[in-house]
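Chains: A, B and C, in written order; residue numbering restarts at 1 for each.
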Amino acid sequence: MPDDLSWLFESTTRPERGLFFTRNSGADPRMGDIAARTADAYASADVVLLGCPQDEGVRRNGGRPGAAAAPDAIRDRLYRLVAIPGVRLLDLGDTILGESLEETHDRQRRIVAQLIRDGKRVIALGGGNDLSYPDCAGLATAAGGDLLAFNLDTHFDVREDTPRNSGTPYRQLIEERFLGRGQLVELGHQPFAVARSHRDYLERHGAQVHALSTWRAGGVVATVEGILADSRSQAIFWGLDMDVVRASDAPGVSAPSPTGLTAEEICALAEAIGGEPRTRVLEITEVCPAFDLDMRTSRLAALVIWHALSASAAR
Amino acid sequence: MPDDLSWLFESTTRPERGLFFTRNSGADPRMGDIAARTADAYASADVVLLGCPQDEGVRRNGGRPGAAAAPDAIRDRLYRLVAIPGVRLLDLGDTILGESLEETHDRQRRIVAQLIRDGKRVIALGGGNDLSYPDCAGLATAAGGDLLAFNLDTHFDVREDTPRNSGTPYRQLIEERFLGRGQLVELGHQPFAVARSHRDYLERHGAQVHALSTWRAGGVVATVEGILADSRSQAIFWGLDMDVVRASDAPGVSAPSPTGLTAEEICALAEAIGGEPRTRVLEITEVCPAFDLDMRTSRLAALVIWHALSASAAR
Amino acid sequence: MPDDLSWLFESTTRPERGLFFTRNSGADPRMGDIAARTADAYASADVVLLGCPQDEGVRRNGGRPGAAAAPDAIRDRLYRLVAIPGVRLLDLGDTILGESLEETHDRQRRIVAQLIRDGKRVIALGGGNDLSYPDCAGLATAAGGDLLAFNLDTHFDVREDTPRNSGTPYRQLIEERFLGRGQLVELGHQPFAVARSHRDYLERHGAQVHALSTWRAGGVVATVEGILADSRSQAIFWGLDMDVVRASDAPGVSAPSPTGLTAEEICALAEAIGGEPRTRVLEITEVCPAFDLDMRTSRLAALVIWHALSASAAR
């Protein structure tokens, strides 16, 4: 095994075998039948799934912990879905947590950068939304800075708090120059959830900002396709905070909102994300199984991944 | 009492009196005030409600048991709704279960066939989706085979498993020649939930297949009306697996899906079903009260019945 | 303190300080930072929030108790939302309950009348829907009878029951001549939930009646704007029974319905309500925290208030 690959496997823990569902039926293969879990499969994999099971950033932000349990809950649901022909998916497992959130972020960022350098597309499962900092920074490092980042979220996540928390990642990315003018798109915020001062901050730094209402009025998919058509960036980062979906469809999140995208809308968007050739990282954060209802939110997160992979394979 | 009628009453158990809600108010009659429960009312009844309180087929399919409790949960909610003038509804009670699922199915099929021969419309409450086998076969027997069957479901339910389970009924109906080419309409499946091999099976056997997305794109009611207009069948079977409704509106099912029909869509469809003169059986399966939230799914199943009866009475 | 003001504060109890959320951040002020709770702020306040924490009327109507806990649950969620610039909101607290529902209603009515006479807009939080009787009567008294009342509800609430309960308020208002011909608009009822005799009663007394389906077909906001444009009344009462919202978006109500307005529709309507200069009372009833899911219904009630206040401030 090359050193780089050894390092990737040493920095992560393997998912439980029991998560890889099977019906033991050639007539009905499932995602759990095709997701590879071995170092051997790395070279041929085109998509790598990586979890980061922590919610320290949510705690620091005064939120409800629980997102640490999300990666395995989402895997549990994803691997029961029907297998997609042509998808080569490697599940690298979970990033081994550091002593501090900062140390965890450093490791996560290096792993993501390595995966990108190896030509993989990455599906990153949080954890809290603080993860967007290392995930997007990792992509920016590996992709040479030529990227476009989407924050699909009810909140802006540009808080000025220190130390960093689940509400600060996009401010960190701006302040540390990973995202320059025009490189951040904030989609889906709702006015009762965002401070005026944070909106001003985004405007000063040249972010594109579309509230949920205007986003929807322009068409959830059409608006995104328009932004993609206007961008020459060669690497796209998608940060999906599941709280952008309304509480009835995504009850198990750290901070639910009664209004938001529907399950159908986020799945349609997932197809656009998977179908976009420049997509490099799809990150799903803030799923909180402890507050979920019958795993509804984990099921939806699994569908988002499935639709993205399906569109990617059909490309 | 004629022998046939004695046999019907001996093959079924009476619903608890307490389920028949009343406000004891002539100004505000409820369904529980008009639903007859006596043999005397059989001759004049035009609709017969019949439960089958078992979930053995769900267990065999590796699913979550609980659907056995559905008939009484749905009755509890149905009988609280406002009475519909002109409806003559007899609640025959529940089919007495056999020693095996197969024996239960045999009895259910004979009961349904008898009801159809007596000119009744049948509302059949599962139980697991395996019930579609005896319900549809019973109709086919009594109606001389000239029927059209709709499976409204996220799944195809044409599994090749033996023994039979909640995932096999429509394959059984095809293999046993109850449903020939053009006689089965599969509506509402979602791609992450159906195997390629099962889709191929349906195509080989001449079923009409519409995914949820294409069904909706053509209009949920308009698509069905178009299919009805094209069909010369004189007897229509409707198999409604409640998991075709999205989890937020129907959380209490054996296998919930975050995406699916809305409560409004299924109620509008129920009106089309009730308003269609050729409708003979409306079957509702897979409601699972143990996983329900404040009886939301049982409430919705009751509304489906209410809207169908209301449209039927208005015809 | 003037006598009238002393009386208002003596007739009500102060909300717990802990309900007034703050992040202690000038960059991120919340509603809890701007809601005044002092007698001093009364003169300058333009909106007064008033709770009535009782569910005796629900009990009398055979419903599920629990609405008594709603005012504080809604406050808890409202005060976490982002502060609206320009809003001067005083939270008067909760009406002190009487020995009987009738006594509580008398006090509530006198408080509302006083607030209206002092030029305030009132946000009244139930409690059961019986509250519409004193709230609307209080407005009618203070406004000289020139009012238009909206009942946004799955039910008509014109039951003939005695003693009064949560299903009788609009009949009381009609019988006691607070609402004459053309002064009551019933919006959002569903046919399975309303008795024929009650519909006849409303027609005899000249109420405008729009079922949910026809309301929606005409546009939820557009229909209301049309009614407002046709009315010369100078004072508008809005009685919002949260069960007009579908159960997936408002699970925590006394009598949930699987079908109903969406969270988005009720928030859009709230903006129309807040933006209408003649709006005097916005009453929210029937929230039942004991049956709620992760406070989803209280969150939605808070959003309704927020959107109304926001549109009011933008006027």
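Keep in mind that, in the parts below, a residue touches a chain if its C-beta (ideal position, glycine included) is under 8 Å from a C-beta of that chain, and two chains touch if they have at least 3 such contacts.
What you see is a predicted model, and the numbers here were worked out from it, not measured in a lab.
**Q** Which chains does chain A share as contact partners with chain B?
**A** C
**Q** I want to confirm something about chain A and chain C. Since they are copies of the same sequence, is their interface symmetric in residue numbering (over half shared, so same) or not (under half, so different)?
**A** Shared-number fraction below one half, so different.
**Q** Taking the mean of the C-alpha atoms as each chain's centre, how many Å separate chain A from chain C?
**A** Their C-alpha centroids are separated by 40 Å.
**Q** Which chain B residues reach two or more other chains?
**A** In chain B, the residues touching two or more other chains are 248, 293.
**Q** With touch defined as at the start, can you tell me which chain A residues reach chain C in the complex?
**A** It comes out as residues 62, 159-160, 191-198, 246-248, 251, 256-259, 291, 293.
**Q** For the complex, give me every residue of chain B touching chain C.
**A** 23, 27-29, 81-82, 85, 248-249, 263-264, 267, 293-294, 296, 299-300, 303, 306-307, 310
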